[in-house]
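Letters A, B, C and D mark the chains in the order given here, with residues in each chain numbered from 1 onward.
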Amino acid sequence: MEIFKQFRLFFVIFILILCAVFYRSFSNSIFRYDAAKMALPSLQGENIITEEQIPGMMDKALIIDIGCSDSVLVKSVKNINKISPDSILDKKYTRKLLKHEGPIILLSSDNSTSAKIWMLLSQKGIRNIYILSYEKEFEALKYTLKADSLSMP
Amino acid sequence: MNPYLAGVLLGVVLLMAMYISGRGLGASGGIKYCVVSLVGTLDRNHAENSVYYSKYFENGRKPLKNWLTVEIFGILAGGFFSGALSKRIKFRIEKSPKISNRRRLIFAFLGGVFFVYGAQLARGCTSGAALSGMAVLSVAGFLTMIAIFGSAYLFAWFFRKNWI
Amino acid sequence: MEIRKKISVILLILGILLAILPLSSSRSLFVNPSKLLSEVLNPNVYFTVDQTAKFIVNEDTTVRIIDLRSNEEFRKICLPGAINIPYNSFIKSDPGLYLNDKSKRNIFYSNGDFYSNYALVYARGLDYRNSYVMSGGLNEWFRMVMESKFSGERISARENSLFEIRTRAGKLFTQINTLPDSLKGKFMVSARFASRKLDGGCE
Amino acid sequence: MGPLSSSFIFPEWLDLLFAFIIGTGFGFALEQAGFSSSRKLAGMFYGYDTTVIKVFFTAAIVALIGSQLLSFFGILNMNQVFVNELYIGPAIIGGVIMGAGFIMGGFCPGTGLCALSIGKIDAMVFAAGGITGAFLFAETYPFIRKLADSGYKGPVKINESIGISSGLFTLLLIIAAVLMFWIAELAEKRFARQEITDEIGS
């Protein structure tokens, strides 16, 4: 007891620091520590899937439509959650996403929206998120430079 | 003040410097800038032609209007304030009673020459390289710290008469 | 208890805490998530390729065009004046070293829309509000600037100026990307972006 | 997020004002530690007074702990804090020269200025020596330029070159420091010089 008395002030500060550390590490309302680690799957495109891969993941996957997808698949699959991108961070949705075990698939006809939502959710510590891409090759340059384009009207 | 508490105080000042300006503390750099500025006023021609001085006058820079220079004026003010607070201000030469004033002053001068010369070479003195370097875990900081203290222990035997 | 023991105990406890914490060299996004969401969903984070083409043609110095593709791709084809920061190194090193010049707007692009938008969220999450995306990426650039042809009877003044910019930007683009490799290398070195040197030390 | 100088662009006067305030704090802390006395500083190398190592390591460790906690909470971006660049040769040779200067003069530049400010005449002579030293370096720079730029390795961090986390390295440093504090206090008893300690204290 004598020891505790001598360190009283320090212990108060230490416990405050400890609380802050716990808040920083586990709170859902702020971004997780180590942004680079959370962004890793995006480096080589591991987070991008194509339509062929979907049936294999179907039974465990949570499919989220974040913007007017009109793929054939969307019509055939029943349990699609429609969430508008503005409200994806609402508590009820994030709780659902955090709880879900297994892949989460983002659908959108606009790649930029899915990319943004992917990065945001990943930084909040939600793993296993995938983006469905309708393009065969991810981030490929579809055009080549033609020398004659100099002679434009 | 108790040395450990003074250490904590110094650490907090260092942390403040890192937070405010993203840099550590430094003293020898300020001395250098004073010299550069002095040479610049006395012999502008020489300063502009020399490989060393010229880089401090590029684009109309003023060596006196510099973070490091102002910082050493701060050191003087802070030291004076603390000395006044603890009633230690007094003109005197501090030395071992076994040596003469002259000997003490000659060695103090030589010490200054060596210390600042070495600090220019190592890009920082005990505060700029060793202390600030250790606080950001830089290898340079640890290496300089070991070199300074190691060599001081090595030479301590030769100069023992000056001190004990 | 004497003060040495006291300070030793305190430092050791804090040291153990530090050793447990996941302190890697990286950091986390710190802007409030909901605020970041509404910020990045706002359409004003986009520049169209036409707007970007105008910046390029006018050599606008208030924007900096950042190419997030790999270095090989960049060497093969790039926008005039673009700076190459491959997405990998953008994430793994500290983006602040590249972005902290607040007087400039940074416009990200990649081939498609993925890398540039990841980078946008990442950069804005680190509170670099001067980050934008060239919407559609290089593919859109080719489609709009390089391969667009005017088809119609009459041309309005607005369309005319638009096409003029496209033509000029297209010419510049072709010129730079058809340079022989040796010359191109030289050009890119000069355009390469040096990360900011930090102040400090006793130099 | 800090450092403030990278988030806001300070006007020059504010930047310099901060420099002055930080300098004042620095000078105050050094003087309060008793570093305005050369005999106290030199005591480190003869064992009768080990204040130097206590202050030095406590300060470095407090700054280390503080900066890492701040960086963990997203208050300070450590990637924007200057890390001293490593030039192997100059660091060692310069360090050895500084060590010699330390034992001759009894001050280092920071403590010398501090002692000067409270009227120590030897410190004034030391500072004059320092100015001479800086001048000599500038004049001899063309001859030693090669040496001064040799062994450049960039801003390497020690924990990264060993391959452990910075927190773990800090813990190891703290353990080392705690042991050193203990040895230092033993040494102070073993090599005690009552007459010197009394005189410094006065």
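In the analysis below, a residue touches a chain if its C-beta (ideal position, glycine included) is under 8 Å from a C-beta of that chain, and two chains touch if they have at least 3 such contacts.
These numbers were taken from a predicted model, which means no experiment stands behind them.
Shared contacts of chain A and chain C, meaning chains that touch the two of them, come down to D.
Chain centres were defined as the mean of their Cα atoms; on that basis the chain farthest from chain A turns out to be B.
Counting C-beta pairs in contact, the chain pair with the highest total is B-D. Averaging C-alpha coordinates per chain places the centre of chain C 39 Å away from that of chain D. Centroid to centroid, with C-alpha atoms defining each point, chain A and chain B lie 51 Å apart.
If each chain is reduced to the centroid of its CA atoms, chain B and chain D end up 9 Å from each other.
Per-chain Cα centroids separate chain A from chain D by 46 Å. Counting partner chains per residue, chain A shows two or more touched chains at residues 17, 21, 33. For chain B, the set of residues touching two or more other chains reads 4, 8, 21-24, 28, 32, 67-68, 119, 123-125, 128-129, 132. Multi-chain contact residues of chain C, defined as those touching 2 or more other chains: 4, 7, 14, 21-22, 24, 27-28, 30, 126, 198-201. Inter-chain contacts occur between A-C, A-D, B-C, B-D, C-D.
Those residues of chain D lying in contact with chain A across their complex are 69, 72-74.
Listed in rising order, the residues of chain A touching chain C in the complex are 3, 6-7, 10, 14, 17-18, 21, 25, 29-37, 39-40, 42-43, 45, 48, 85-86, 88-89, 110-113, 115-116, 118-120, 123-124, 131, 135, 138-143, 145-147, 149-150, 152-153. Of all the residues in chain B, the ones that touch chain D in their complex are 1, 3-4, 6-25, 27-28, 31-32, 34-36, 38-39, 50-53, 65, 67-68, 70-83, 86, 88-96, 104-105, 107-156, 158-160, 162-164.
Within the complex formed with chain A, the chain C residues making contact are 1, 6, 9-10, 13-14, 17, 21-22, 24, 26-30, 32-34, 36-38, 40-41, 69, 73, 77, 87-88, 91-92, 110-118, 120-122, 125-126, 133, 135, 138-139, 142-143, 146-147, 149-150, 167, 170-171, 173-175, 177-178. Here chain B touches chain C in the complex through residues 2, 4-5, 8, 21-24, 26, 28-29, 32, 67-68, 119, 123-125, 128-129, 132, going by the rule given at the top.
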